[in-house]
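Each of the two complexes below includes chain A, the first together with chain B, the second together with chain C.
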Partner chain A sequence: MHDGAISTVFFYLFAASSIALALGVVLGRRLLRSAICLIGVLGSSAGLTLVLGFEFVAGIQVLVFIGGIVVMLLFAIMMTSQGHTFEQQPTLRRRVAGATVAAAFFTVTLSAYLNADFPVPTAEQLAVSHEGADEIGRKLLSNQGDGYIVPFEVISLLLLSALIGGIVIARKHAPEDEESDQDQGLANHPSDVGR
Partner chain B sequence: MNLISTPLLAQADPASAGAAPSMERVPTVSERAAEALQHGIWGAAFYIVIGLVAVLIVVSVLGLVMSYIERKVAGHFQCRLGPMRVGPHGILQSLADGIKLLFKEGIEPGHGDKVIFIGAPIFSITATILLLAIVPVAPGIQVVDMNVGVVYIAAVSGIGVMGILMGGWSSDNKWSLLGAMRAGAQMISYEISLTIAILVVVMFSGTLRVSEIIESQQQGWWIWRGHGVAIVAFCLYLIASTAELNRTPFDLPEGESELTGGYHTEYSGLRFSFFFLAEFANLFVFSALATTFFLGGWLPFHIGDYEGFNRVMDILPPVISPLFWFGIKCTALIFLLMWFRWTFPRLRMDQLMRLEWKVLLPFGFANLILAATVVLTGLYFFPTAT
Partner chain C sequence: MLHPPTLTHWLALSALLFSIGLYGIFTRRNAVGILLSIELMLNSAVLNLVIFNRFVASGDVDGQVMALFVIAVAAAEAVVALAIFVSFYRHRHTLDVTEANQICHPGNSTP
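Then we have the complex of A and B:
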């Protein structure tokens, strides 16, 4: 049986790459390179989930974080920055604020880590949980005792309101102007391409 | 009815694993590797190497063959002959082009971000290779068969966008950047319709595993069995995948009259050929997935339990039959996508966005709800016992 050994090797591989790339995200001075390191970090954490045997969760992680959020980040960087964006020498106020936030987050994480009691699942529990997708679907949509239908619907309402808010912010003109706006080909302006 | 037809099907075509529940599944390459791992690490390594080499060969052969077919098809559509000089009927043309590309100088733009510039084509081709791993060609001729195959497809195809965005940005060229932004916006938008179309089939077959989706079409392909719903989903899939592939009528990212070459304007030599290979391999992958989801993958053409007809369709020997059926369906779809290219004029950017967000997406959602109704009431043709 080499299964255990191989998952251990993969665990350390993914853990090391996620730490290294996370350092790259924070310490890099070029914004786009940081964003690309972030792809690596999220990919490694999806890999860690895969080592645990949760293929569905790993797939969703890649789908949502890499395919959705990082692409949004890339778009934001490309639309806002001029040419090569280096992070300039930060002002004192930003340094203090950054350090405070980082310290606060570190304290929270550390205290959570120290106080939490991590349950280690037994081999049988892991074997059962391998049939991920349908079990997750049932739990999400069940209104029985252990179902998550109410939080699920609340979150979808939140997403809907965010979506409508986004449309309202992105809309520059009154609705009746929009048709003529599009027909004049204003979408050729770089910042309007993704609109 | 199902019980009567099942032994006959199994007798005639033992290769289609889903024919009878008693038939054992043919293991995929990754399953063989996992099994070999029980005995030693070298056996597993052997299968992993086989899988990798097979995928690499498939990528390069696809690039060679498909670029030749594309040029021939394009030629004949325009009443030309296409490539004729190198070899009989020009069949060595793409080989010659490949050798030329290998020896070309890889030029890097002076002001761009070189690391990202070099990394971008690798991202593109990686996404393609990862997608190829899950394409089921025949029982057992598949590298991985994950139980969340459809999620994997959706996740991995998102990575391809990254390569294009990175390539366009790092070229430090406004046309490249514009092309990349167009490609990114287009691919992200149409991915939603693509996924919604696939979800219809997932709902019909009740599984995310690609091989099980094929086996669920034993009685008839989903495009027939799902009444109009599956046909609408198939059309949505075709439109969305054409946009995903950046092919005409959705080839704005490289609209040569306004953007020279789009995101790969600055690329040359081997790095350009990576983008090129990824594009052609993706054409194959999306056709193969359409075959899998809507046209029954490697299964022969069956009509429910109309035994006489089914036996005629099963006439090929079991080893060749899946390859033949998969090949013929996939080739037909690839030809259809090439046909699109010479039939439809290119869309404008705002028309493209309007088509996705105001036409395809509402249709897709309505279709999904309709499909749910069909599944709940068991309305589709040849309902199986399961």
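Then we have the complex of A and C:
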């Protein structure tokens, strides 16, 4: 989808919505609402990827980022908040520090972008279509010099180890663990049921 | 009416999203809030890779492959971070990162 006017309109639409929702993510005091805003940001980014013409990456972004990561974040927010999902207003010092660092980063990066002379793409280069996953799949699984078979396998191992590590870290301790016994004893006490 | 977006427009958008995430990391105190900002920054990095794939190396698919790798690593990172948060919350009943200054709970030998 890179035919002039329509993609221009969609670019500005998605850019405005993603910036507004990103501000909602960092400025809001309710974590659940921030997570919902993050869904919007990621959806807008998938739209921007679609404007660039990469349908496969946009689909993966919706599936994994929104469908996987944000849903897991929502679970974590609900598991770790006992009714008080508010966060107190950050101190002025933190806000000044954050704004300074963010503005400095943005200024430096933007000036670097403006001073760099990237090769200007010709019209025929921009017309190259990427609307197919077959080339990505071939690149991922090729063992030639420019293939990505080794990182692909390493990623699968990394995901497996993250899965096992997540289960091991987050599981409840064994019953013979002294502290977990105490916790259960406290929870069974009538006055502490609401804890 | 609208100026068609050039490479600099795209890169400025992604840099702006990244700096918003940076601001969030500095101001949030809740650990899940910080993780939300980190996801924002990872998303802008993915966007950057895809933008360069389109405008600078439009004949290749390397940028898209790298974007897929970043997404996979982001998923792994989120899993481990959330497991740590749940474990931390079980011990301390809070997720304030300024409280997270000990690896081991006092008086408890298991981490």
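The rule we apply is simple: the second predicted complex is superposed on the first by the 124 of 195 C-alpha atoms of A that agree within 3 Å, B and C clash if a C-alpha of one lies under 4 Å from a C-alpha of the other, contacts with A are read in each partner's own complex, and residues count from 1 in each chain.
Keep this in mind: contacts are C-beta pairs under 8 Å (C-beta built on N, C-alpha and C of every residue); 3 or more make two chains touch, one makes a residue touch a chain.
Here the structure is a predicted model, which is why all the values come from computation and not from measurement.
> Would you sort A:I60 into first (chain B), second (chain C), both or neither based on which partner it touches?
Touch partners of A:I60: chain B and chain C.
> On chain A, which partner's contacts cover more residues, chain B's or chain C's?
Of chain B and chain C, more residues of chain A lie in contact with C.
> One more residue to check, A:P90. First (chain B), second (chain C), both or neither?
A:P90 contacts chain C only, not chain B.
> Is A:R30 in contact with chain B, with chain C, with both, or with neither (first, second, both, neither)?
In the superposition, A:R30 contacts chain B only.
> So, A:L158: does it touch chain B (first), chain C (second), both, or neither?
second
> Mind sorting out which residues of chain A both chain B and chain C touch, each in its own complex?
The overlap between the chain B and chain C interfaces on chain A comprises residues 56, 60, 68, 70, 75, 79.
> Could you pull out which chain C residues touch chain A in their complex?
Residues in contact with chain A: 2-5, 7-13, 15-30, 32-33, 35-37, 39-40, 43-44, 46-47, 50-51, 53-56, 58-59, 61-62, 64-65, 67-69, 71-80, 82-87, 89-90, 95, 105, 108, 110.
> How about chain A: which of its residues touch chain B in the complex?
It comes out as residues 1-3, 6, 30, 32-33, 36, 39, 55-56, 59-60, 62-63, 66-68, 70-71, 74-75, 78-79, 83-84, 131-133, 182-183, 185, 187-188, 190, 193-195.
> Quick check on the complex: what are the chain B residues that touch chain A?
Those residues of chain B that touch chain A are 37-38, 40-41, 44, 111, 113, 115-116, 119, 146-148, 151-152, 154-159, 161-162, 165-166, 169-170, 172, 174, 177-178, 180-182, 184-185, 188, 191, 208, 348-350, 353-354.
> With touch defined as at the start, can you tell me which chain A residues reach chain C in the complex?
Listed in rising order, the residues of chain A that touch chain C are 4-5, 7-9, 11-12, 15, 18-19, 22-23, 25-26, 31, 34-35, 38, 41-42, 45, 48-49, 52-54, 56-57, 60-61, 64-65, 68-70, 72-73, 75-77, 79-80, 87-88, 90, 94-95, 97-99, 101-103, 105-106, 109-110, 113-114, 118-119, 121, 125-126, 128, 130, 135-136, 139-140, 146, 148, 151, 155, 158-159, 162-163, 165-170, 172-173, 177, 179.
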